[in-house]
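Chain IDs A, B, C and D follow the sequence of writing; residue 1 opens each chain.
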Amino acid sequence: MSASSFLRRLFGGGPGSADGAVQQLLRLCDALIAESSEYTNTALAREAVDAYEALDAAGREQFFDILARDYSPSPDAVMQSASAYHAEPSPANRERLFASVEPPRQELFRRLNMAPGGTAALVEMRKEVLDGLRAKPHWAVIDGDLMHLLRSWFNRGFLRLERIDWRTPAIILEKLIEYEAVHAIQGWRDLRRRLEADRRCFAFFHPQLPEEPIIFIEVALTRTMSAHIQPLIDINSPVSAANCDCAMFYSITNCQEGLRGISFGNLLIKQVAEELKREFPHLRRFATLSPLQGFRRWLEQKRVEHPKELAMLGKLDQSDWHQSEVPDALQRMLVRLCAHYLLRAKRGDQPLDPVARFHLGNGAALERLNWMGDISETGMARSAGLMVNYVYWLNEVERNHERYWRDKEITASPAVEKLARECVLAAPAEKGAAA
Amino acid sequence: MSASSFLRRLFGGGPGSADGAVQQLLRLCDALIAESSEYTNTALAREAVDAYEALDAAGREQFFDILARDYSPSPDAVMQSASAYHAEPSPANRERLFASVEPPRQELFRRLNMAPGGTAALVEMRKEVLDGLRAKPHWAVIDGDLMHLLRSWFNRGFLRLERIDWRTPAIILEKLIEYEAVHAIQGWRDLRRRLEADRRCFAFFHPQLPEEPIIFIEVALTRTMSAHIQPLIDINSPVSAANCDCAMFYSITNCQEGLRGISFGNLLIKQVAEELKREFPHLRRFATLSPLQGFRRWLEQKRVEHPKELAMLGKLDQSDWHQSEVPDALQRMLVRLCAHYLLRAKRGDQPLDPVARFHLGNGAALERLNWMGDISETGMARSAGLMVNYVYWLNEVERNHERYWRDKEITASPAVEKLARECVLAAPAEKGAAA
Amino acid sequence: MSASSFLRRLFGGGPGSADGAVQQLLRLCDALIAESSEYTNTALAREAVDAYEALDAAGREQFFDILARDYSPSPDAVMQSASAYHAEPSPANRERLFASVEPPRQELFRRLNMAPGGTAALVEMRKEVLDGLRAKPHWAVIDGDLMHLLRSWFNRGFLRLERIDWRTPAIILEKLIEYEAVHAIQGWRDLRRRLEADRRCFAFFHPQLPEEPIIFIEVALTRTMSAHIQPLIDINSPVSAANCDCAMFYSITNCQEGLRGISFGNLLIKQVAEELKREFPHLRRFATLSPLQGFRRWLEQKRVEHPKELAMLGKLDQSDWHQSEVPDALQRMLVRLCAHYLLRAKRGDQPLDPVARFHLGNGAALERLNWMGDISETGMARSAGLMVNYVYWLNEVERNHERYWRDKEITASPAVEKLARECVLAAPAEKGAAA
Amino acid sequence: MSASSFLRRLFGGGPGSADGAVQQLLRLCDALIAESSEYTNTALAREAVDAYEALDAAGREQFFDILARDYSPSPDAVMQSASAYHAEPSPANRERLFASVEPPRQELFRRLNMAPGGTAALVEMRKEVLDGLRAKPHWAVIDGDLMHLLRSWFNRGFLRLERIDWRTPAIILEKLIEYEAVHAIQGWRDLRRRLEADRRCFAFFHPQLPEEPIIFIEVALTRTMSAHIQPLIDINSPVSAANCDCAMFYSITNCQEGLRGISFGNLLIKQVAEELKREFPHLRRFATLSPLQGFRRWLEQKRVEHPKELAMLGKLDQSDWHQSEVPDALQRMLVRLCAHYLLRAKRGDQPLDPVARFHLGNGAALERLNWMGDISETGMARSAGLMVNYVYWLNEVERNHERYWRDKEITASPAVEKLARECVLAAPAEKGAAA
């Protein structure tokens, strides 16, 4: 309640430039940081979170501006403690150094976390900071401090894997519908189909966000490795869990914008594979059916660079090009370009394609390209209908992972390797090898 | 498993001075810090925790010595980044500064926390560091890093209050028996009595230590405020929850040595009072029956300083002094000295007595001194049998708290104030006031 | 598995007239009844339940015919044991009498209940027997035996009240959508609105049917007593739980056809009222907004009996009669007829209207008639748009209940009493009294 | 509360002979049976249960006497309805017959079960009836009615198997200490040892008695089949779950006297064996280490019948006979007599020994006799220190079970068979076969 009234009186003045509500919030924040006895902290934190949440967009902008400007470490103080530490690196000097370097923002966020719902509020706050970062690059310091804390609090040790099925509370299920980013869920009937006996869904949860999935993955149990996404997400497809020997990871979604940059996916895939292996000891293959996030965009760029060689791609300008018969030559060219895109197109020394970076970096192998794997509008627009299977061979994951990170090499099947070598854009040496 | 074999090979050499097992652990730690892709981290963390737990005392000593020496920030690097930040306090320079100042130990601990049971292992590790700190003062930097992280992870936002009763799993109950520090629990029958209908017990738990209470409090529901502890902890006392109007907090125990210095008690008392108020709306008083931790020790010191005035205390040298009749004059003197001890004896500007510091700092009021309040051997030895009632008047807690912290004043009842003024050691002015 | 193979061999012959699958089921049933050691019973029960569930409609008909014919007590044996008991009513003779009277069917059902899912199978079986009862009146004996057992197993002592909200598993929520009989739920959005902060929903569950509600009730928290159903079930109505002083029970649904005739509703209402009173101590009124199940049907009949007096009702033959202005005289007549219908129309010495029987029999009072209370198609068709409020005055329930059951009197508000007296069909004496 | 006041007034007179409190209880019972609307039943049932529980021993005796006398079916009514049914076995006549035969007691008990705690009260009531049955044989009809209902309510379909370990609530654990009948548990330390990693404990629970085990079994995981009980229940024995290949069922205890005669043990053993097989797929043997309940008693009787042949047994009259060296001849004789006792001594066509009846009837095989298997005082007194291993060979259980029940044959190992043939009491023909 008014546990901190006396402190607020102390801070009566406040930063003059901000509006009343922002000033009030800043006073609460200062009281929260100043409060040494910890007794009134929870009440203050609750008040501050409420005050923040009551701010409108302009107020939050002001608040973030001040947070970025006034709550950073003082360069003079830092210089002084660094010099002392340099002169004598004693524990006491280290403590002082650390104290001078840590921005007051960080202690503020740590104390806001004590409020009921504090963690959720900070995740949401980081989302807003990230949203505004392009226009307000100086907010990066706020982002950095939040990231530092959230990474610690969302440490994998605190996450628990939960199966999601039709017994899960509706309040969580509706969030799957809301968040699913790869293959949108069309309402409750669609969701229910995705939770039937031949499907599995798992999510990570954090104790402070009990009703919010952090990340979730959707799996189809199939006979043989799937090449096409539409049958997997067909609401009316028959349910059949018998004789499945393949687990197809067909969708993985990060739910919390405010946790961007904290990686959960690799651990999730690994734990889910172990879970599935326990439930279905006869599963022989764990594979994905994945989109090529930026293939079409990359294609367009290549057409500009190689207008002659890629002239045939002009056909793709018609939005319905795939609905009539596609010439063999075009199909051949696209598939080869796709292999080239995945194996040769780079950002630094990693693949240009973000999904490829994720799975290959986890130790998966690039197994197969699937023509007309996703004929949805989105699928045609982003990857000319092509999809990829990455395979997690459980006893090769570590080796692939090492090759990828240490040797910067991608593990791919001979068939995909061959397609890349045959690509019209392949280097001449490659083509020789391909002959 | 051997997820990190290649990394370990890279670090084959290792710090030459340490034993084989310690070297092996250090290699795992280095691999864990170096591992950038996060994929093998959980496996590495598990291995490292296992390797640490397998070390004997000598091995751990070596390990801590190296941790303190080699995993601190480099003074040169700190100096350099501090200068850069001083020259231009940009976000990027701040990031670099922060990175150079944060000891690698801290990232190591953060990653060890990913192992199953990692949090418990780190709490235990800090306990061992604290145990050795007197002999090894340079371990203070390890303690500082662990404290920094544990304070963040054991942030109150992550704690949950649970009632402890006879329905609680035995694995938790046996820990109450083990940990209770104020009035030892004599086995399961004693514990059971303390969980009957006229008693309450609450504890804080953390999601990562599900079977370990962090702190717990024992409460007796009574008619009128208790003055004596023995009836409250008598196994054979009759159970009677009818007409209770008073909640007596008679014991509060911090369970985890490794969390020393992180304060949970004030929040616990506040939440428990709210919980009890909900269950028993007719409760009129929340009070403690508390020991005086260092009264006898202080008395001995005073006897040396004022041999003549306190000559009467010589009687206390007989261990059974209280079992025959105690002269009125001695009782009067002791009670007055006790009031003086609580109200006048200081450490800095706070009370000398640690229990007084705790409750008065939380906003309680010093209500009453109880002659022969604890006649157990311990009770006689530490406080000459005296006990204190601190009262939490719910609508005065905030005011008392402010007086204590801002004005450095203790809220006490007129009766206790009077006793202090009448004390033989009171300043002459006081005595005048008392007349 | 084949635990009973030897028993089945013993019974190889079987009842000649039945088909193979039915014969096989009957053999399992006989083995189950015969099995004295109880060891193989669970396995046999599981086999028998599976065999029953695999039967088609014709097979089940055969099975029920044989169950009704061959598994009833033998008249001769009954006569004999009754005579012995009559001659000497000793405990032993009573045991024998009881054994001869209890149909073998009942022991069969008791043993089928041991199968996993046995209880659910028996509830379903009774549903099918009830469905066929009109065509097969001799199945009544099966119904009687199942009813006897189910009434015992679904004894209120075994039921538990659970709140249903948006945290409830979807598998249960979808059953609410499926079962709701009074005001149909239009999909998940509609359901969600009915579970918001200003609504409550409760259900009874039984340990053997953990995912099947037995009966559920929907409540709206409102300011003042609701007169119209449409605003209460409007998906887009604003959510507002503030200042509510009235709990409107607007729908109550029995879910299990196979438990027909076992009454849960009165207990449910009572427990829900207590639960709500605990959560909202300031609630002043517990009332229903109820349909008049058979009002229009009764009206039609009365029009035949009193063509002249009720000529005005001819207007109701136009299905859209209420969409243009309704003459005052017609409204007056309808409301008075409705009061007469509720207070005077009888079946035996109880009200003709089944909803009235239910609430008045529970001790509610007939409080108010609501013109155009339900303007849905169903509402117009069954009750000319009228709805009723029954009120549960907590400290008059018992008295009303006694008046209803002992004195055969209905407790109604003076306003409703007056309307009934003014009705065109009222007895002349009443009208006199009304003058 | 007083929901039934008017009914009680109706029954003001009451059975003249009973005391006030009993009369009051009987009036409540009559009201409960009479109450047709079910509305006030729960309140009435609660009052009746309370009134019953408040009765002293003399009051309960009166109550049971009246229950037995006045609440049985009327011989005349039975005769009449039996005749009607004999003349025409219609459903309606069957209903009437059933109604006339069912004692009002049964409906009374069914309704008492609605009270909170009703089921527990009825289980307790049956215990008291059973206790008094020898002195009051006419109470058998009460027992019969309670048994009929309890058997239906404690139908295995309603039971659930739960593992008991150190995570189990203390309120349940203390009941294990209280109830254990075979090898008494000496306090919490003993209990804890029995729940360590190399032990297992399972119990059946019923939803209406959530904190009361119905039956529990204790299992030791061992290497090779145990021959001696003392090491298994030694508090200080080392814990070792490694390489265990044998599950020893060393104690099984029925907890509820009031459920005597309702068999749970066979199902429990079967489910526990399945559970253990799942957890430890490498377990090769499920065996018991069982006492011989009546061996010494039987021996004494045989000594009277065959004084000369069994003269050697005179040594057993010294209570410490086993503490000095036991002559080989005596040991040989006792072991052979034990084999004879188990295989030849009968009650009807089943073994005289009740534990043998239980395990052999479940399909176990008599595997081995263990000299000095139980040297506790109890063990020496009941079975001269001998113990038996019964083995459950999972794929022979059914065959053994059939042999036992159909062919009246006991499955025993050749070694035990041979011992029985060599026994001094064996029939001459056997001895010939043994030569």
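Everything below uses one rule, namely that a residue touches a chain if its C-beta (ideal position, glycine included) is under 8 Å from a C-beta of that chain, and two chains touch if they have at least 3 such contacts.
Nothing here was measured: the structure is a model prediction, and the numbers come from that model.
Relative to chain C, the most remote chain by averaged C-alpha coordinates is B.
A separation of 40 Å divides the Cα centre of chain C from that of chain D. Here the spacing of chain A and chain D, counted between their Cα centres, is 60 Å. We define each chain's centre as the mean of its Cα atoms; on that basis chain A and chain C are separated by 51 Å.
Within chain A, no positions touching two or more other chains are listed. The complete set of chain-chain contacts reads A-B, A-C, B-D, C-D. Per the touch definition, chain B reaches chain A in the complex via residues 2-3, 6, 36-42, 72-73, 75-76, 78-79, 81-83, 85-86, 89, 91, 94-95, 97-98, 101-103, 110, 113-116, 118-119, 137-138, 140-141, 144, 148-149, 151-153, 155-158, 207-208, 263, 266-267, 270, 361-363, 398, 401-402, 405-406. By the touch criterion given at the top, residues 166-171, 173-174, 187-188, 192, 211 of chain C touch chain A in their complex.
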